[in-house]
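Below: the structure, in structure tokens.
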Amino acid sequence: MAQPHPLDPAAVQALVKRGFEGSPFVRDVGLQFVDCGAGWCAASLELQPRHFQHTGVMHAGVITTLADHCAGEAGQLMCGPDEHVVTLEFKINLLRPGVGERLTCRAEVLKPGKAFHVVEAQVWTHQAASKVLVAKLNATLAVARNKAPA
Amino acid sequence: MAQPHPLDPAAVQALVKRGFEGSPFVRDVGLQFVDCGAGWCAASLELQPRHFQHTGVMHAGVITTLADHCAGEAGQLMCGPDEHVVTLEFKINLLRPGVGERLTCRAEVLKPGKAFHVVEAQVWTHQAASKVLVAKLNATLAVARNKAPA
Amino acid sequence: MAQPHPLDPAAVQALVKRGFEGSPFVRDVGLQFVDCGAGWCAASLELQPRHFQHTGVMHAGVITTLADHCAGEAGQLMCGPDEHVVTLEFKINLLRPGVGERLTCRAEVLKPGKAFHVVEAQVWTHQAASKVLVAKLNATLAVARNKAPA
Amino acid sequence: MAQPHPLDPAAVQALVKRGFEGSPFVRDVGLQFVDCGAGWCAASLELQPRHFQHTGVMHAGVITTLADHCAGEAGQLMCGPDEHVVTLEFKINLLRPGVGERLTCRAEVLKPGKAFHVVEAQVWTHQAASKVLVAKLNATLAVARNKAPA
């Protein structure tokens, strides 16, 4: 079975932080890295008017981008240093209307493997002191070997 | 079984166009309405550097936002004038790495209903003259009654 | 939000037991009711040669029948006495090859609702003293009103 | 990309037929092989009282077993002679109540690959001359290498 990334925790944190800050779409949407460990990753998003629909609820694309990216990073944390993940598919249940000031997400690997990881992610919306589960995602990630540099 | 929207085609086109242009996140990402009819909707996205990952492939969140929004509009086109759709869940298969200059999407209602619609959407990437299927989405939408204005 | 079934616990147990024993296919496959409560249900299956593939692993249809039926009963336990559930869709991840002597399943409602319940179910395989997670299912159930008797 | 099975059509038909008749659970439920070709497979099921729920509709486990098995065989037909498929996950939409005398299923590979196939399957119910789509399944299959015989 896959083992967690054999780097020291600080180096891993720096790698995942770069996976958020270095990805143009993640930066464009505004996702922020929070924390990570072996097989899990947490992130957040400060909601702005541009993240919503004209109906006043968050666009599902915003919630999904947060959950999918967090799931990918959690899976990456169960890969070896010469491997990377490729998302094959995911399902997301939108459990409640997304309203609030901030989203947080925590993704965890349910079943790591040599060839694929299954990852789950939960997304909560925060308004003042209340926190409500708005979505749950379940993804299958293929584990691919990095190409050797030329 | 649900009937297509009983407005004339031009009015329906105008409504769906507004569903794209009036939604802040859809405008922010850059989705463009192409065409629609009873139970189907087509849209496109001109790709910009901000839609990608640092790895050079499109972020799954971009592809998903296009497919999900198109699916919602296709489902809306099978609602009565006093109804709207709420996406309960979707699954998306990411079939090939998303590279190219432009995405197009076509969503079609597979099974309309009084209480929910099942919708499928396909996303292609275009580069020069070639067109490749990159994703397929399958969504369950609840049909909800509009609230009466106060 | 939906409330658990307002019957006394013994009556509810009897109802769910009947949902297993009275369903011809459930009886045919051999599923056995174990226990239930508000929003959850547990069941098991003693494995026989007929539940397998020629390759020596359980057929996915066996695991799925157990998980789906358990999920439906868990959802039913969040319905009112004049309501029943209809499964709209489910996704199942087959996490490991199904081998062993016995399957157990526990399904829990993740999000109950007036019109829809989202339910999750886990399936374990047992061999001697070991217990391994072999599948996870996630289902959307519509809540429908019972027809009045004629 | 994966190529269809390089055997002659009659040999492939015999192999897939054996995949139905040699699988104890498939035989137990009563699935019957109908036909197959490169990347597709068709099967049927004569419905008997034991396939139903006490509510008078087919058990979802019956429909799913048919769709899942057909999808697996369709994927197998895109494998090389030294490869076999392992189902990682599937989603199924139950579109209408399953009633009738007979089920038929056709599964087709949507996207074959070296490491994974994505397959879709549709299930129809037949009553007298009418044919109605009751379910659609979408599966991800891993392509695994056969173990060398000892």
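We just call them A, B, C and D in the order they show up, numbering each chain from 1.
The criterion applied here is as follows: a residue touches a chain if its C-beta (ideal position, glycine included) is under 8 Å from a C-beta of that chain, and two chains touch if they have at least 3 such contacts.
In this text the structure is predicted, and so the values were computed from the model without any measurement.
*Asks:* Along the shortest chain of touching chains, how many steps lie between chain B and chain D?
*Replies:* Between chain B and chain D, the shortest chain-hopping route counts 1.
*Asks:* Which chains sit in contact with both members of the pair chain C and chain D?
*Replies:* A, B
*Asks:* Considering only mean CA positions as chain centres, point out the chain farthest from chain A.
*Replies:* The chain farthest from chain A, judged by C-alpha centres, is D.
*Asks:* As a quick test, compute the distance in whole Å between the mean CA positions of chain B and chain C.
*Replies:* The answer is 33 Å.
*Asks:* Measuring from the mean C-alpha position of chain A to the mean C-alpha position of chain C, what distance in angstrom results?
*Replies:* Their C-alpha centroids are separated by 30 Å.
*Asks:* For chain A and chain B, what's the span in angstrom between their mean Cα positions?
*Replies:* The answer is 23 Å.
*Asks:* Which residue numbers or ranges of chain D touch two or more of the other chains?
*Replies:* 88-89, 91, 93, 118, 140
*Asks:* Quick check on the complex: what are the chain B residues that touch chain D?
*Replies:* Those in contact with chain D are residues 91, 93, 95-96, 110-111, 118, 133, 136, 138, 140.
*Asks:* Using the touch definition up top, name the residues of chain B that touch chain C in the complex.
*Replies:* Against chain C, chain B makes touches at 88-89, 91, 115-116, 118, 140, 142.
*Asks:* Spell out the part of chain D that touches chain C in their complex, as residue ranges.
*Replies:* 19, 22-29, 49-55, 58-62, 64-65, 68-69, 72, 84, 86-94, 97
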